[in-house]
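Before anything else, here is the set of structures, which you'll find just below.
Each of the two complexes below includes subunit A, the first together with subunit B, the second together with subunit C.
Up next is the complex of A and B:
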């Protein structure tokens, strides 16, 4: 698996984990502006990274399959392959 | 006025305001400074709250770890980044882990 793809996958894991942890904090601190701002920052970063991954390597999750003629999801190698 | 709950800063912490210093001498007011249970019972930050209920202090926002460290440590909050510390009562054989 090439270096870039690996790096992008790792980043997606890191940013997704941070959002998950932050959601736990926000569940009990719904008005905390620091946490809300940080959430928006991470959400944007994750969205961009996921779009980049999908563009370069195909859909990472099967909610992002764009191909209307062929179910691309089965054609591409699994993300970990 | 009944000053049962009044504890002066330098007293031994025993509820009835004993004024002897607990560190070196037996203060004579009946409490046992060497007994963990006794000293924690008399230095209870939550005294006055109903017993039998768990209390968790409110977490405040703080500077969070960078993304890589957060994933590595399993939390983005340094304050929650605590080592697993299996607690074993003091003097309980030679098993490893922490001690109460």
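Up next is the complex of A and C:
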């Protein structure tokens, strides 16, 4: 369970990093069609991974808290812990 | 507006305390070429930039520097959180500990507190972009010095990642400078005249 959680978080971080890096490339190459297409592909992958992680393990962003009984944003460990 | 995402941009998993390493690495938190200065430099320079693409680059690199600041803080925290009083005295960490206990506070390795004078916002696109390129090289050199001083693979792995990002950022600022220069008028190509004195065409 915990291993699956870490694996999914690592995958989400990898996809997100690919976007972070690509965004910097697009800032200086805004007409690059290959990069623009790759951005759309990664964006879809990140959206799906983030939704799956949030659904299974709780929110990574405090716009996505989905629990009416307890404020689960403060429940889990923080990234430095 | 910024959003916080509850994860590190690159994973940090340090299992052993090392106060000596923490005292060196904290320079990239609040030292002269650290991530705090980097984030504040780029995010502050944005407001007077006139080139749209340069504003995009400064926003996105400045935001990434905030994520790097969190990675450096996590490294320092994990290296120090379980220190014993004996280790604190033996490693020389006592001089930091007396004022900050085991908190993460922005300082250079030699004890000089974070200082905004370590970066500039000159209000001139060419001047600021040259500063940004130099800043990325200085940060890369600092990460390389850390890698010469520290050999623990758990620490070196995220440090190597941070070093690589300095190289990418240098490249992107270089491309941004080139684009800005392409847009300058021929009489001002070498930018002897400040942006503030630009006459409308």
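Assume the second predicted complex is superposed on the first by the 71 of 81 C-alpha atoms of A that agree within 3 Å, B and C clash if a C-alpha of one lies under 4 Å from a C-alpha of the other, contacts with A are read in each partner's own complex, and residues count from 1 in each chain.
Keep this in mind: a contact is a pair of C-beta atoms (placed from the backbone, for glycine too) under 8 Å apart; a residue touches a chain by one contact, two chains touch by 3 or more.
The shown structure was predicted, so the numbers you read here are calculated from the model rather than taken from an experiment.
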After lining both complexes up on subunit A, report clash or fit for subunit B versus subunit C.
fit
Figure out whether A:17 sits in contact with subunit B (first) or subunit C (second), or with both, or with neither.
both
Touching A:78, do we find subunit B (first), subunit C (second), both, or neither?
second
Regarding the shared-chain residue A:25, is it in contact with subunit B (first), subunit C (second), both, or neither?
both
Is subunit A touched at more residues by subunit B or by subunit C?
C
Using the superposition on chain A described above, determine whether A:35 touches subunit B (first), subunit C (second), both, or neither.
first
Least C-alpha distance (whole Å) that remains between subunit C and subunit B when both complexes are overlaid:
5
Please identify the positions on subunit A that touch both subunit B and subunit C, taking each partner from its own complex.
13, 17, 21, 25, 28-29
Mind listing the subunit C positions that touch subunit A in their complex?
3-12, 53, 56-57, 60-61, 64, 70, 73-74, 77-78, 168-169, 172, 175-176, 179
Enumerate the contact residues on subunit A facing subunit B in the complex.
11, 13-15, 17-18, 21-22, 25, 28-29, 32, 34-35, 38
What does subunit B use to touch subunit A in their complex?
59, 61, 64, 67-68, 70-71, 75-77
Interfacial residue positions of subunit A with respect to subunit C in the complex:
9-10, 12-13, 16-17, 20-21, 23-25, 27-30, 59-63, 76, 78-80
